[in-house]
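Each in structure tokens, the structures are laid out below.
Next come two complexes built around chain A: one with chain B, the other with chain C.
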Partner chain A sequence: MDELISILREIHPDVDYETATNLVDGKILDSFDIISLVGEIADKFDVVVSAEYMIPENFNSAQALWNLIQKLQDDE
Partner chain B sequence: MLFTSYEFIGFVILLVALYYVLPKKAKWPLLLLGSYVFYFFAGWKFLFYIAAVTIITYVAGLLISKNKKIADARFAELKALDKSGSGSPEECGKEARKRYKEEQKSKRRRIMTVGITIALLILAVVKYTNFTIYNINGILSAFHAPKRINFLTIALPMGISFYTFQAVSYVIDVYRDRHEAQKNFFKYALFVSFFPQLVQGPISRYGDLSKELFTPHTFHGRTVERGLQRVIWGYFKKLVIADRILPAVNTMIDTPENFKGAYVFMVMMFYALELYADFTGGIDITIGIAEMLGIPVKENFERPFFSKNIAEYWRRWHITMGTWFTDYIFYPLSVSGPMLKLGKWSRKHLGEKVGKRLPVYLASFIVWFTTGIWHGASWNFIVWGLGNFVVIMISQELEPLYSKFHKRVNTDGSTVYKSFQIGRTILIMSALRLFDCYRDVPLTFKMFGTMFTTWNWKIVGNGALLHLGIGRADYIILALGTILMFTVSMIARSGSVRDKMEKKLPFAARWVVFTFLLLIIVVFGAYGLGYDASQFIYNQF
Partner chain C sequence: MHNHVLKDLKNTVEKYPDKTAFCGEKSALSFRQLDRAIDGIGSFILGEGIRRSPVVVFMEKSPEEVASFFGIIRAGCYYVPIDAEMPSVRIHLILENVQADLLICDEDTEEKARDLGFGGKIVRYGEIAETAVDEAALTAVYDESIDTDPLYVVFTSGSTGIPKGVVGCHRAVNDYIDQLSEVLGFTDETVFGNQTPLYLDACFKELFPTIRYGATTYFVPKTLFMQPLKLVQYLNEKKINTVCWVVSALTIISAFGTFKTEIPKYLRTIAFGSEVFPIKQFRMWRQALPEATFTNLYGPTEGTGMCCYYRVDRDFEEGESIPIGRPFDNTDILLLDEEDREVTKASGKQGEICIRGTSLTLGYMNNPEKTSESFTRNPLQIHWPELIYRTGDIGRYNERGELMFVSRKDFQIKHMGHRIELGEIEVNAQMIEGITGAACVYDKEKGKIVLFYSGDKEEAEMKVLLKDSLPRYMVPNVTRKLERIPLTSNGKTDRVTLMSMVR
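Let's look at the complex of A and B:
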């Protein structure tokens, strides 16, 4: 989780990812950010977030994204 | 049957009345019948196209859903066998189950690919055949070849770009397991053909629209009232503003050699106003009609001209198209195997900074190319799309510079700076829209250039603008109409105007306002003798 938060901080350093729950709905992360994020996740966690998982609910908070990474790791 | 025709108004009144009179079971079939009657009036031959797209995507969705159900059941069965120890690991172990899951998913992907490819091929053939021939002839001409290919006579079926995209999104969403396939063919046919949004969108998703579309709504005065109010507001924008300014735009772009310099700036501004009033007016009518039937349709605009930059503008203009391209092209492309490989390669060889952006920009380039060509089969639209890409890319690259500037100069809450940003957005977007106006790309660039070489700004005050096919009275109506539209947009920033009216005004007073608006449309709308209430601009896309 810490590693994920540090990736997120590289994209938007000024956001409190521990508490933020509207990263996509609140327009903090745009589509460019999401793609950068997916690239980083593929590198660091060795999982591919395919397009079918790219829905706001999976990216609205660091926790939701972390849950998705774990789910994908389990699937693999 | 144009939205602006008396026949259409009569058709809607009859349909809404029948909808609330008929028994529950007959409501959605009535909408399907109404949608096909509406489409029939656009040309009976076009019915074949919409029927073909409907059948193909319906079958694809059904096959995907069926496979998913069977595969899930078999997967659970294998898991149970493994748990009980009654099956061999080769048959039902974790690895075997994973392989089975992948095989089935790959089967579903193939069905999806075939379904959407056929649907998109139909669109491609009717929309891009002549454009392809035009380009082949251009190449033949460049090589001085004596032969030329004759153009084909293919009429573009009304709304094909919209309903094809809607049907394609349905198949992909079934594949992505966002919802199950619709088993009832006729219900699915209604989703594809729902008449208010058939002409120019919004491009709805099955998951958003289907439930309310098939629910038998009972009559609620308030719902019908609100829908009707929105329809009236839409007609106001279309008939009082868009169609009134249309002759001036046409005069200036039909004979461009006579209208250079400051006139081009006028084309920019007038066309921006016309397009905004036309498209948002059309969407107001669409959403209003659906609302009268109790069916909520997704909003397509969020005051785009108040955006601070182009990327934000595109999140607020034609929203359902933008999200369609993001969800079904940009994301899948960006996270595809080759693109992730490219990202890795470029980070290794070109450095972290460039490497990270290259795949995103490449995917973005493809999306904007596609957005351009979706709007129309011509180089004008392709260059327009790529122009948007260039502007967004430049703005992204300049981000560090903006950050430095904002650290030094505090612009937080500055109305002047915000106005500058909004003004900049309006100017850039309006300049790009010149590609919609002039007949080809070189002419558009040439005309844009004349704004800086032909210094004739005196036309603004010497009465020359009164010779563009619209007179002084038209300008006064346009100015007042635009002020009203702007004021409503300003009020809407803090919530729906109709909600506010409902809270503050009694029923009778609200209807005095809307009756007055209706009177304005009747008296000042550009229709009737001497006018030809024109087709909506987005119909041609």
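Let's look at the complex of A and C:
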């Protein structure tokens, strides 16, 4: 989770990822942020986030994204 | 005969009064409604006594914003679209440059508009769109119009830190739409899915053909460009058959395995540009849609939309580049070497891509210096004054005689489909208190803008501070603090060393 937060901080250092729950709906992350984020996640966590998982619900908070990463890791 | 960009509109309204012209997330306008709003806005502007002047449009992307553009044109004025999400600092630079007397906003942008310190009058779209139509006044303006009159000013990144306003006219837009429509085959059955923003010229591909042919344009919601599956479902739901997108928007679909679940089955015409299409991604598209045509478009804003095209007619191997092809009919491309001599097709040598013809825009707004740098006399023809536009792009012809993009002469980049001068980022970084040096490079491989700087700000803080002055797409992806910016022996920023530090 810490590693994920540091990836997120690289993108937007001014966001409190511990508490934010509207990263997508609040327009904090835009589509290009999501794309680079998915790339970083693939590098760091060795999981592929495919199209079906690219929905706001999975990216609105660091926790939701972390849950997704874990789910994808378990599925493998 | 008048060569006005709205010349076909009345005809289209008569043929397809109730057909949807433009459809956004919150609203839609039929051709009849669009026409009424255009005439209302045009009449309002004329009633205000505003003639042949810039009018700022500061609205959310919507069918109503398009009606404002055309309403301003109807009044014989020219529109200046400003992205409502742009930082105020940059908006000020644009407002200062154009000195407009009128700004049109909407309910969502009104508050920000009133905080801009705009010197002229601010009106809401809703207040003016239903103005009683002054037929006589509108006709008089139309009859007086000539096709070299301006109709828009769109702002592009400037290396000195100040955006440049490109002024375009009726004649060039009409010519562009003639050529583009022929190449891509637009008709009244065309259903566009628009992706590009309305504050640039990229959206002309949809806006003008829609009113000319009675086509329909859907503004694809921005949030769908992070949800590839939903994006394709949207395209299918709206039966979209034509897209003219930046490459990165197309690869969002192909890169995440979307085609395994859903294919954009109505798509027949796919045009792309502004960036290099990674061949691996491109092949996925062609495989998913073997019946569709794929066309690479190339052209700077200064050449009115696009000026070259290549219709894909063969397979490409990884590592190859898709050509930019050939100029549209009625446009000429010159390749000039460093001594301003012509580079011939057969030589295979590189030269600066220069544009000649009707497609040239009128120049930069209130900026004679920059205008004369890029819009110059044609050095190959000395007998009378003839302008060319020097793009700053380096090109060459391949063995098939197709034009290929090679690189840039300067520090302009294409990042996520946006044209950016790295110099503009550097100037904005240097303006931050406590910053003693700044240099920007682009990591093409990773698609990241990397800013090196020296000064007393931390790396994270630097990024946050830059958000106040730069549009989102220009904010560096990586900020790196250095003791000092490395210089070459003759005192220039040592970009080679900086690039090696990125790797």
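The rule we apply is simple: the second predicted complex is superposed on the first by the 76 of 76 C-alpha atoms of A that agree within 3 Å, B and C clash if a C-alpha of one lies under 4 Å from a C-alpha of the other, contacts with A are read in each partner's own complex, and residues count from 1 in each chain.
Operating definition for what follows: contacts are C-beta pairs under 8 Å (C-beta built on N, C-alpha and C of every residue); 3 or more make two chains touch, one makes a residue touch a chain.
The structure presented is a predicted model; accordingly, all values stated were derived computationally and were not measured.
Undergrad: For the overlaid complexes, name the partner, chain B or chain C, with more touching residues on chain A.
TA: C
Undergrad: Once the structures are superposed on A, label A:E52 by its partner contacts, choosing first (chain B), second (chain C), both or neither.
TA: Both partners.
Undergrad: Does the superposition put A:T19 against chain B (first), chain C (second), both, or neither?
TA: A:T19 sits against neither chain B nor chain C.
Undergrad: Between chain B (first) and chain C (second), which does A:F32 come into contact with in this model arrangement: first, second, both, or neither?
TA: So A:F32 meets both chain B and chain C here.
Undergrad: Of the two partner chains, chain B (first) and chain C (second), which one does A:A42 touch, if any: first, second, both, or neither?
TA: The first partner, chain B, only.
Undergrad: Could you give the residue numbers on chain A that contact chain B in one complex and chain C in the other?
TA: 30-32, 34-36, 38, 48-52, 54.
Undergrad: Quick check on the complex: what are the chain A residues that touch chain C?
TA: My answer: residues 9-14, 24, 29-32, 34-36, 38, 48-52, 54-56, 59.
Undergrad: Enumerate the contact residues on chain B facing chain A in the complex.
TA: So the residues of chain B in touch with chain A come to 175-177, 311, 315, 326-327, 330-332, 334-335, 340, 343-344, 356, 359-360, 363-364, 396.
Undergrad: So in the complex, the part of chain A that touches chain B is made up of which residues?
TA: Chain A residues touching chain B: 27, 30-32, 34-36, 38-39, 42-43, 48-52, 54.
Undergrad: State the interface residues of chain C toward chain A in the complex, per the touch definition above.
TA: Against chain A, chain C makes touches at 222-223, 225-230, 248, 252-253, 255-258, 261, 416, 447-448, 459-461, 463-464, 467, 472-473, 477-478.
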